[in-house]
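Each chain carries a letter (A, B, C, D and E) given by its place in the written order, and its residues are counted from 1.
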Amino acid sequence: MADEKMQLPKDAFEPLQATEQLNSERIAAPSLTFLQDAWRRLKKNKAAVISLWVLVVIIILAVGSIWFSPRNPNAQNAAYANLPPKIGGGFWGFDGKANIAGAVVDAYKQAGVPKGTYYILGTDYLGRDLLSRILFGTRISLLVAFVATFFDLVIGVAYGMISGWYGGRVDTIMQRVLEVISSVPNLVVVILMIVVFKPGIFSISMAIAITGWITMARLIRAQTLKMKDQEFILAARTLGESTRKIALKHLLPNLSSTIIIQLMFTIPTAIFFEAFLSFIGIGISAPNASLGTLLNDGYKTFRFLPYQMWYPAAVLSIIMIAFNLLADGLRDAFDPRTRG
Amino acid sequence: MVERKKILQIKNLKQYFNVGKPDEVKAVDDVSFDIYEGETFGLVGESGSGKTTVGRSVIHLYNPTAGEILFNGRNIRQLKSAKEQLEFRREMQMIFQDPYASLNPRMKVKDIIAEGIDIHHLAKNDQDRDAQVAHLLEVVGLNADHSTRYPYEFSGGQRQRIGIARALAVQPRFIIADEPISALDVSIQAQVVNLLQDLQAEHNLTYLFIAHDLSMVKYISDRIGVIHYGRLMEIATADEIYANPLHPYTESLLSAVPVPDPQYERNRQPIFYDAAAHEGDEQVRQLVEVVPGHFVRTSEAELPNYRQKAEAYRATLVK
Amino acid sequence: MRKYILKRVLYMLLTLFLIATITFFLMKLLPGTPYQNQDKMSASQIHMMNVQYGLNKPVWQQYLIYIFGMVHGNLGISFQFSSQPVSYLIATRIGPSLQLGIQAMIVGSILGILLGAIAAIRKNTWADTLATLLAILGMSIPNFVFAVLLQYILGFKLKLFPIALWDNFSSSILPTIALAMMPLAETARFMRTEMIDVLNSDYIMLARAKGLTQAGVVWHHALRNSLIPVITLAGPLAVNLMTGSMVVENIFSIPGIGEQFVKSITTNDYPTIMGVTMVYSLMLVVVILIVDILYGIIDPRIRLSGSEVNA
Amino acid sequence: ASLAKNQTFKMMVPTELTSMDNSKTTDLYAATIQNNTGEGLYRLTSKNKAVPALAKSVVKSTNNGLQYTFHLRHSKWSNGTPVTAQDFVYSWQRTVTPKTSSQYAFLFEGIKNAAAIADGKKQPSELGVKAIDDYTLQVTMEKPVPYFDLLMANPTFFPQNKKVVEKYGSEYGTTSAKQVYNGPFKLTKWNGTNLKWTLVKNKDYWDKRKVKLNKIQYQTVKDPSTALNLYQSGDLDDVTLSSEMAKQSANNKDKVIRKMASTFYLEYNQKKIPAFKNKKIRQAISLTINRQKLAKDVLSDGSTAAKGYVPEGLANDPKNGKDFSAEAQGAAEKAAVAYNMKKAKKLWAEGKKEVGIKKLNVELMGDDKDSSKKILEYMQNSMEKLPGLKVTNQNLPFKTRLSRSVDGKFDMVMTAWNGDFGDPITFMDLLTSTNSYNNGKWRNASYDKNVSASKNANAANPDARWQNLLDAENTLMTEQGVAPVYQQNEFHLVNSKVKGIVYHQTGASYDYKTTYIAK
Amino acid sequence: MENILEVKDLTVNFGTFAGDVQAVRGVSFDLHKGETLAIVGETGSGKSVTTKAIMGLLDSNAKVASGTIMFEGQDLLKASAHEMATVNGNSIAEIIQDPMTSLDPTMTIGKQVSEPLRIHKSMSKEKAIARTKEVLELVGIQNAAARMKDYPHQFSGGQRQRIVIAMALVNYPKILIADEPTTALDVTIQAQILNLMTELQQKIDTSIIFITHDLGVVAGMADRVAVMYAGKIIEVGTVDEIFYDPKHPYTWGLINSMPTLDTKADRLYAIPGTPPDLLDPPKGDAFAPRNAYALKIDTQQAPPFFPVTATHAAATWLLHPAAPTVTPPPEIVRRQAIYQQMIAKGFDQPNNPAVKLNTPATDQ
C-alpha cells in the first residue's frame, strides 16, 4: 500500500465534480435491432452460415438457370441417352465410361457423340442433360416448397393465432378441427387435389398447403396462448389497442422467430413430400422435373447408372441439410437464452 | 375529516376462473373497498392471494364474475360505446410487475411509449409525438436518445421506468401499479418508488399500489388493504395497520417482515397464522368498519374485541 | 383417469365419424370408374354391378349404408380384388405393416434417443457434430434411396440379409432399417434439443451439487425428463411410418397395407381407399391417445383428470 | 432331356392375384394361373393351334358354323367329383348372367342368346349351351364365330363346379381353398390378398404324366430393380424387367422377349378439337414420331415400333398362314407409321391453313406408369417441333385416364389395347363409329362397313372376312383415324434351365403344363 | 477462529460472443467454522458464480483465470470432476434459489432426498429410507414416511424449499451454500424457512454461505457479511459492523435505500444509475459513476482493502488517510449512533422496536 500512495497524484482525493461523473444512464453498446442481434448470434454458428450461403448459391443457380442453363433441360436426344458424366477430356468419375452389361465402354464413343461435347453430370434416359435437369428440378422443388410455405404461413399462422387468442370454446372447436384434419392421411388429400385440379405443382402445393400447416398452427397457438397473458400484451389492451392491431403489432413480431424456424422445417418437409409423391407416381408432370422425379427415375437404374440417383440425391440432401442446419442455427440465434 | 371524492368504488367484487370446472379458482371472493382521489391505496398479500386479479378486474381486463366496479361513479362494465371505453382506458393505466415481460421486445422504446399516444390520437404530428416521447423519457429520468433503443438494452429499473412512461403517455388520473418493484434490486427500487411519488405529487395521481413487500407498501401508501385467499382481511391507514394490526393475519404478516437491523432481527418473534384454524369455525365473517376508517374481516363474536383494541389505539393517538 | 380416457375415446369416435363422412363424400367427387372393362359390359351388367356395390342408390343412402356398415366392421367390397371384403383385405395386409412400423419405431427411437443424448452430453464436440450430421442425413435422404442402397449392398452384394420378399424375421431387417432412418433422425434431433434444455435446468445443477457424476446425472435425471417431450413425437412419427411404409413395402415386396393403399388409389378402388383411410386414421388417433396416456404415466405432473394434455 | 431333381419354378409377376373366379377375373396374370390350374375344352399350342384337352378332339362346327358338339373326357375335380358337361353349362350361364357382372361376358357374343341374356332380356337358361349327357356338350351359335376354337381355350370358358361355387357364394375364388381345380396344377397358399402363392402339381389331373414341375412359386415383385436383384441372386427363375432395367440387360444371355397383342396408339379427340378433323393435321402429328427410336432408345424394353393398328403376331391369314400385320403392310400403312419431319411440317402448314389456325395448344393424356411418362415426354418433344403446336402432358392413374377417355375429356390420348383373343376383330371392333371405346370419335363409313361385313355377312367365309379386315386396317391407316405408336412387348430374364414354357400373345399368357427344369 | 474454506483471488470470466464477461474479479474471503457468512449484492454482482466455482459447477464457457479455493487441504479449483463429485453433496452442499424448478419433477422426493446418501455413504436402501424420513421430519414435512412417495408438484412452494434443504442436509455437510434460498418465497414462509435453517445449523454445526440481496434477511441470519459489487467484494465485516457502521458508499446506499417499516422520509435514498457492464468494467472503482462521494482517484485506480477493525475492511478510497472526511447519509449517521450506544451498552441488550419507532432521527 505504501507504494501505491506514492504513485497517487496530488489531486487524487478531490471529490469528483458532478460534471466529471460518467453519465450513469448511458448505454455504450451500439443499438442493435433484435434481428441484428440474432444475425450476430447466427454468424457465430459456422454450420448455419455455411448453410445459408449454400442455400443462396443453390437458389441463385436454380433460379438463374432460367436464363443461363447449360442446356435446355427438356431438349431430348434419344441417341445420347444415359451418357455418364464427363468433363473435358475426362478424369476419374467424369470420364464418360460406363459399365454396360458387365463391360466398361466409352459410352460417348458408342453413342457417337462428337468430340468436345460432354455432359458434366451425364444424361438421362431421353438424352437430356442431367445437370440442366437437376437445376431445373431444384427450381421446381424450391418452388413447390415456397408456394406451399406461403399457404402454410397464411393459414397456419392465422389459424394458430385466432385459436390461441380467443381461447375457450373457439379454441376447443378449432383444435378439434385440427385434430380431424391431422387424422386424415395427407396422401388422400393429395389424391383429391390431383383429381380436382390437374396433377402438377399446383395440386401438390395445394395439398401441402392444406395439410402442411398443422404443425405451424399448433406451435403458433401454443405461443399465442403463452403470449396473450404476457404483460406487454395486457399493457396494449389497457391502452385500448384493438385486437387486430395487437395481433399485428405485438403478436406477429414476437411470433416471428417461431414462424421462421418452423418455416425452415416446413420447406424441407414440402420438398420431401413432393419427392415422396413423385415416388408413388403422382408428382410433377412431365417433362418438368423436380428433385423428386429425378430421384425416382434415378433410383430405378441405380445399379447401372448410379450417377442418375447420386446427383439428385446429393442436391436434395445438401438442400435438406442446409435448411436443417440453418433452422437449428436460427433457433439458437432467436433464443435469447443462447449465450456465446 | 373532509369528505373526499371516491375515484374508485369496488363493491362485492368476485372474480372466479374456470367456473364450473373441477379446477375452479375463486381468485377474488367478495371484495369491497374504495379509493379516494389523490391517495395511494396499498394492497398487500402473499403470492396467489388475488392481488393481481383485483388490479386486472379494476382495469377491466377481466369481466368480473359478480360485483360492481365504479370509476368516477360509473360502472365500468356499462361503458358501451367505443368512445367511452377509450375514455376509460385513458383515465386508468397500469404499471406491471415484470419489467422484462411488460415491454414488447420487438418494439423500439419510442414506439412503446407512444403506443397510447397513437391510440388516443394525442399527438398532432410526428414531431409532436417525438417531442412528447422525449418529454416522457425525461420525466422518468431517461435520455431522449434512448428512444430508438430496444427494451433488452435496458436494465430492470430502466425498463420499469419505460413502463411508467408508457402509462403516463395518455395522462391518466388513476394508475394501478402491480408490484412494480418486486422484480427490482433494492438499490433500484428506491429510484422507481421516488419517481412514482414525484409523479403523484405533480399530476395529482391516484395509485392502487400492489405489493407483497410490506415495508415498501407501508412507506408509499396512505391506506392499506390486506388480502388473503381472495378476501380482504383488513383495511386501515398505513400507520394504523402497522402500529395496530387487528386481524391475526395482518399481525402475522407484519411479524414476518425481516428488517435490515441485526439487533432487531435477533429479537424478532414471528407470529404464525393458521387460516384453517382461524376461519375454520362456522361463523360468518365479513369486512366490518370497526372504527371509522378501519375495517376488519370479522364475525359478530369477534367484533367487540377488535373494536376495543382499535379504540384503545385511537385513544393513544389523541394523547 | 377413467373419465378422461372415456372422454377422449368419445372425441376419437367423433373425429373418426367426421373423417369417414368427409372421405366418403370426397370419394364421390372422384371421376373414373372402378370397373376394368366397363365398355365391354352391357348396360344391365353395369346395372347389376352397381347394385352389387350399392352404387345405384342415392348418395345419401349410400352414405348411411356405408356408415352403418362401418360401425359393424363392414367396409364394403374391394373393386380391385373382386368379391374381397375390404375388411378382410386390411386384416390380411395390416400385419406386416404393423410389424415393420413397430420394429422401425423401436429401433428408430432407441437409437435416436441414444444418439440425441450423446450429442447433447457432448455438446459442441466432434461427437455432437457427428451425431447431428447423422441425424440430419437420416432426414435428408428419402427412404426409398436408403432402401435401394441397403438392398443392393447388404442384400445383393454382401448377402447378409434377404434381398426382398417377406418370409421370416430376417427379411424384415432391411426394410426396418430403411424405415427407421426417419424416426431415428427426428428423435435424435428432438432429443438433443430437449436434453440440452434439461441439462441446463436447476434440478440438474442441484443433482450435480449432490455429487452425482455426469453419468449419474444423465441416467437418473436428464434422460427421463428429456424423454417426456420426445414422446409427443411418437404421433407424427407413426404417421410418417405409415406413409413411409408404402415405399419400403413396394421395394421389398412386402404384403403390407401401405402398398395396397397406393394401389387402391391408382385403381380407383374407393372402398379400399376409404377403408384404409379409416384404418390409418384410427391408428393415428389411437397412437395419439396412447401417447397422451403415456405422457401422464411418465410425467407425474400431468393429471389426466380432464384437463388437456396436448400442448 | 434330363430333369433336375428339384422341379420348382420360381416366377415373378408384377401385380397381385386379385381373383380366381373365372367369371370375374380381368387380368392376364389371373388368366395364366387359371390356365394352369384349370382345363377347358382345348389347350393352345405355342402356334395358337387348338389341341384337345377336356374335349376328346377338336370338333368342326356343323349347321353352317352354328353348332358344335363336344365329347368330353372323363376327368376329376380336385375334390374328387367328376368334371361333366353340366359344369360347362353352369359356368357359361353364370358368366353371362348380368348378376355375375362378368367383365368378359362379351366374349360369349355369338353364342345363341348370349347378348340378350347379358342385357337382361333373356334368362340365362336360354343360353345356347346344353349338356346332352354328362359327357356331351352342345353349343348353339347365333352366328358363326371364326375364332371359336381360340375362345374354347380361354379360361373364361372353363367349367365350374356348381356345388363348390354355390357353397362359397360370393367368396368363391377368393382364396386358394375356396375353389376346386381340374388343371395340371392346384393353387395353394393364396389367402386372396398376399403377394405370393404356389402352384403344386395336381394329382387328380387326367394328363398328369405330362406334368413335370412339382411346384411353381409365384412372387409379386413390383419394383424392377428388386426383381433383377432377386433374379441374379437366384431367388427367381423368370422376371419381367421394365425399360431401364431391360436396356441394361440387353446383352444378358437369359433375355427373352415376349411379344404381346398390345398396341399403343394415339387418339385425337375430334369432337373437342375441331382441328383434329383435318386429316393433314393428324398425319403431320403422326409423322413427327420416330417410332423406331422410341421403341429402341426410349422404351428399350423389347417393345417394337408399331407397324399398324393390329399388332404383329396376333393372327394369321386362314388361307396362307401369313401374319395379319405383315399382310397389311402396304404403302399406306408404311407411310402411316413413318417418321418424316419434313413432310410433317409441310402437311402441318397445309393443315393449319385449311383449318384456319395459327397455333394449337393441346393436352396429351396418358397413364402415370413410368414407361408411359417417358413415351409422352418423348412424343411431346417430337410434336412440338411442329411450329405453333404446344403440347402439355398429363399423366393420370390408369382408371382415371380411362374414364376421362370414355367421357371425351381429353385432347389427345395415348391409349393401349390388349387383344382378347387371336383375331384382328378384337382390335377392329373398337374404332367403329358406334363403339364407345372409339374415344376420338373418328368416323369412317367404309371402315364401319368392312368391320360389320366381317362379323355378319362374311362371318362364315374366312377368306372374304379376312379381306374385310385388311381393308378396314387399310382405311384406318390411310385416314390416320388413330396413330399407332408401338407394340408393347415384355422383356424377361428366364433361367436357361427352365424349358418348355408355352407362351401365347392373347388369353392366358403361359402354359406350364409341359414346362420342366433341366439339369 | 478456524477457517474451513479459504477463497483467494478468485477470478472467473465467461466467454461470450460479445467478449469476456468478467463476472468475478479477484474475490477473496474465508469461511469460519460454524458461522454464517452472508454475501450480498445486486443482481449480476457475481454471487452465484462465486459459489458455483466452489462447487465446481461453473458453466462450460467459464474460465477460472486465477485463484485458489482451499477446503480441507485441497484446492477445489484443481480437483477433477470425480474428486468434486465426492465433495459435493457430502461435505459441501447447496440449496438453490428456486424451489419450483430445483427438484426433478419426475422423481419421488424420497428418492431425491436420499440420493446423496446412496451416492456418498453407500447406505443400504432401508437405512437410507429411514434417514431420509428422519431428515424430512427434521425440516418439518409432516407425515414424511408417506409423503416420500409423492412427486414435487404435490408440494407447496414452502414445502419444496424444505425438501431442498433436507436434501442438502441429509449428509450433514460441513459447508452449506444457500443461494437465495428464500427469494422466491412469501415473507411468512420465508420466516419459517429461515428459522428452520438457523435451528438446523445449530443442530449439525455447519458453516453456511448465505447469498441474498435482501438486507433484512441478512440482518437476521448472518454472523459476517460480504458485500459484492461488480464482481468484487467491496466490504466485509461482522453483521453489526456492516449494518451499523458501514464504510463503503455502496453499502451506505444499499442500507439507506431500503425503507424499514418505520421509515417516514418523504423520499427514499436512491443509488442513481445502473451497475457497470462486466464486459468492460471501468478502470477505477466500478462504483464510482454512481457514487456521490466519488473521488478523482476512483476513476483511475481501483481502491485496495482498507482495514477498519480486525474483522472489518472496505475497498474505498474514502478510508485512505489522505481522503477528505465525508458525512454519510443521515440514516447511516443514525445507525452509527445506535452502534456507539450498543458498544457502550453491550450488544446483548434487546433492542426494543418501540424505542426505535420514536427515534426522531427517522423523521427527517
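As a working rule, a residue touches a chain if its C-beta (ideal position, glycine included) is under 8 Å from a C-beta of that chain, and two chains touch if they have at least 3 such contacts.
Quick caveat, the model's predicted, so the values are computed rather than measured.
Chains making contact with subunit C as well as with subunit D: A. Set side by side, B-E and A-B show the greater C-beta contact count at B-E. Inter-chain spacing, taken between the CA centroids of subunit C and subunit E, is 54 Å.
Each chain gets a centre from the mean of its Cα atoms; for subunit A and subunit D, those two points are 49 Å apart.
One inter-chain figure worth recording: subunit B and subunit D are separated by 90 Å, centre to centre, where each centre is the mean of the chain's CA atoms.
Contact of a single residue of subunit B with at least two other chains is seen at positions 158. Along subunit D, residues 223, 225, 229, 368, 397, 400 each make contact with two or more other chains. Multi-chain contact residues of subunit E (touching two or more other chains) are listed as 272, 274. Per the touch definition, subunit A reaches subunit E in the complex via residues 1, 4-5, 8-9, 11-16, 20-22, 24-25, 28-29, 40-41, 44, 339-340. Within the complex formed with subunit C, the subunit A residues making contact are 175-176, 179-180, 182-188, 191-192, 195-196, 215, 218, 222, 268, 272, 275-276, 279-282, 292, 295-296, 299, 302-303, 309, 313, 316-317, 319-321, 324-325, 328, 331.
Across the interface of their complex, subunit B is touched by residues 42-43, 157, 186-192, 194-195, 213-220, 222, 239-240, 243-244, 253-255, 257-263, 266-272, 274-275, 338, 342, 347, 350-351, 353, 356 of subunit E. Interface residues of subunit D, counted against subunit A in their complex, comprise 223-225, 228-229, 242-245, 247-252, 290, 293-294, 297-298, 368-370, 373-374, 376-378, 380-381, 393-397, 400.
Note for the complex: subunit E touches subunit A at residues 14-17, 61, 272-274, 277, 280, 282, 288-291, 293-301, 304, 317, 320, 322-324.
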